[in-house]
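To start, the structure itself, in structure tokens.
As written, the chains take the letters A, B, C and D, and residue 1 is the first residue of each chain.
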Amino acid sequence: MDAEQKQVSSDSGAEAAAGFFPLDRFNAFSDGVFAIVITLLVLELPVPPSTAPILPALAESWPDFLGYLISFAFIGGIWISHAGLTRYMRRGDVVSFRLNLVLLLFVSLLPFSTHLMVAHMHGADASVAVAIYGLNLFMESALITALMHHAAHDRHLVVDDVDDARVSRAYRQRRAYLVATALAIIVAFIVPLAAVGIYIALAVAFLIQPLIGMWRRQ
Amino acid sequence: MDAEQKQVSSDSGAEAAAGFFPLDRFNAFSDGVFAIVITLLVLELPVPPSTAPILPALAESWPDFLGYLISFAFIGGIWISHAGLTRYMRRGDVVSFRLNLVLLLFVSLLPFSTHLMVAHMHGADASVAVAIYGLNLFMESALITALMHHAAHDRHLVVDDVDDARVSRAYRQRRAYLVATALAIIVAFIVPLAAVGIYIALAVAFLIQPLIGMWRRQ
Amino acid sequence: MDAEQKQVSSDSGAEAAAGFFPLDRFNAFSDGVFAIVITLLVLELPVPPSTAPILPALAESWPDFLGYLISFAFIGGIWISHAGLTRYMRRGDVVSFRLNLVLLLFVSLLPFSTHLMVAHMHGADASVAVAIYGLNLFMESALITALMHHAAHDRHLVVDDVDDARVSRAYRQRRAYLVATALAIIVAFIVPLAAVGIYIALAVAFLIQPLIGMWRRQ
Amino acid sequence: MDAEQKQVSSDSGAEAAAGFFPLDRFNAFSDGVFAIVITLLVLELPVPPSTAPILPALAESWPDFLGYLISFAFIGGIWISHAGLTRYMRRGDVVSFRLNLVLLLFVSLLPFSTHLMVAHMHGADASVAVAIYGLNLFMESALITALMHHAAHDRHLVVDDVDDARVSRAYRQRRAYLVATALAIIVAFIVPLAAVGIYIALAVAFLIQPLIGMWRRQ
């Protein structure tokens, strides 16, 4: 083993001795959960039986495809926020690892909430189903905000030259999401489909933004 | 923490402050989605019931195995193109992260389209099923091309010594895929099984090529 | 290729020639299995049919949600222990790779044991179901302890400056888990629901701890 | 960006320009597929219905658990061989990427072959089912051997100081697996359960070896 590698090893030992955890496993495990959850959603899409005409059958199950798209956009959005956060982190501690697990708990519940909302969208209990979905989105946003707070309050976890303007913009964006999803939960009890409209608006805004970004640069 | 590690951390902070995202999470998340989608396909393969003779039962469900092989080849092909692209990238930005998410949306829809095509291959609506499958392949190709365009047009995202000959060959290959899948969509409305033949030809070409490559070297 | 990269390559060849395995694949594969198992659990959660009122239906299937939470907490806990262990390792050998596989065997059995416990919690065979679940947790703890022992006894696998106080704390924690799960197995044959209570207590302690950690720092 | 990082980027561009692919995505994608396949196996395990006594029900479905253990051991074994191989590689090319995809095709078919063998182990067509399982194992071994050959024959892919003794031992081990699985395929047509015995012997040898390794060191 050459000197440099030894140096790195010793450092990692010293880091560990001080109670820090390396970020590589934090990221790998999180990326795994995000990737699986976003892919599991497709298992819920109903394939029309081989005797039925396809297009009317697909049109009839539009809530499934809508739920798929919304959940895909939200999981993707949380994932990008997560990657955006860990850019500024240089290591983790046991608290950030566990907070992250609670965040991933709500991420991995999303296929369930999606299925619930889709199955009940036209039923008698649509309000409850749409509100539970919103609560799931709200908890995700709340926990990634908690993770940001924890990292920001422990100077040992973040890199030195954090861009304050960018960080406060990220906070504003998170707060906007929290307000929007809290609003959707309330709206769900008055007009459930209007709450679904809020989810769609947030998801579309997220998915269309890159195209606008590409347009502007050209 | 030694000086070198600090240096790297500071750089990553500066990179982040300039709005760039590291590629490691981009790759890890993408590899996760590709790996899950390519493996989920196996869940669709029907196991003959324990009382039936196996070989006739397997022979009868040949469309399932055909769909499995074609989709495996296409996901594998897109994955290699993706790895081939990120070789030339040194970092990402928020636009490339989101474009990648839209690409992965169509990748993760492929088990659904495969199931749809297989279930309807002999039915009255074969044209529609085969065309939807082709549309899914077309969108995958279109989005990885868009990702290549975006990376190529932003000099901050790519490494300095990009091999122009290789890049233009990759573009030509992408364009050939786009034309072939667009053609298959049109053919699907005339002779659906001929469009399936185009998919098979593309998949076989992809899977056999390495064997030719090995042969030549020896 | 520059000199430094060549150096690294040669080192990795020399490492391999001495029978060592790099940790990156050890970690990537383990993180993949942990992430998939923790996410597969959600597939077991029953979505109330579209005609039933949601809240009573969810309340009735509380054992499913309880099993989900407990298993999530235990898999998360084992994962953090695993990441905590590999912090001190600088490479692996074939024995640690295989021991890890046996550990992952019991990790990947947890969705099965969870499903079994949940389905039989109110049945005639509750004792057996609850004890099998405890046995699964016990084996997980036993194998990560074996992995710690193996790494600690081979000086080539660990970094130089291991923090002894922290390591012996980790051993104590593991032993406490072993005793608690062994106790739960015995209790399962007397009062099955009391054993479930032990699982809940361990899971809650694990999930609540980060909040206490955050509180203290502020 | 500091000079060193730029250097690495330029190198990666030059590597790419010469047609080489980085190993990190090769490994990440492969680890993902291995991890998913080994975990999907658990979905096939039947949970006894809540009214049935558990232990007799589990005892009756012993072929499922046997198939689970054998397949787990084989996937784990192939994964360790794969990690053992890439230790000696310093980069990939398009042929190794595609050969690897064909290897992963057979890896991802294993849950299907396992399910087939388990469902037909006591049926009239046991020979065919057991032989197909053996063929799947054989193809896995054949393809990882082909991958080893390809890497060994292209000096640009491997590190400089390959340990010849260790490599030829790996080849011998692979050849032994090929012979054993070919033998099992033949035996399957005479006494199917004897072929299952060969699979068990190979799997047990693999799973028990680490315990012997631990024993010896102490």
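The rule we apply is simple: contacts are C-beta pairs under 8 Å (C-beta built on N, C-alpha and C of every residue); 3 or more make two chains touch, one makes a residue touch a chain.
If you're wondering where the values come from, they're calculated on a predicted model, not measured in any experiment.
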- Query: Of the other chains, whose C-alpha centre is the longest way from the centre of subunit C?
  - Reply: B
- Item | Classification of the subunit B:subunit D interface as same or different, half of numbers criterion | different
- Query: Taking each chain's centre as the mean position of its Cα atoms, how many Å separate subunit B from subunit C?
  - Reply: 33
- Task: Return the distance between the CA-based centres of subunit C and subunit D, expressed in whole Å.
- Result: 23
- Message: Where in subunit B do residues touch at least two different other chains?
- Response: 15, 28, 32, 35-36
- Inside the complex, what are the residues of subunit C that reach subunit A? 7, 11, 15, 27-28, 31-32, 34-36, 38-39, 41-43, 45, 47-55, 69, 72, 76, 79-80, 83-84, 86-88, 90, 158-163, 166, 206-207, 209-210, 213-214, 217-218
- Task: Write out the stretch or stretches of subunit B touching subunit A in their complex.
- Result: 1-2, 5-6, 9-10, 12-17, 19, 21-22, 24-26, 28-29, 32-33, 35-37, 40, 94-95, 97-99, 101-102, 104-105, 108-109, 111-112, 115-116, 119-120, 122-125, 128-129, 132, 146, 150, 153-154
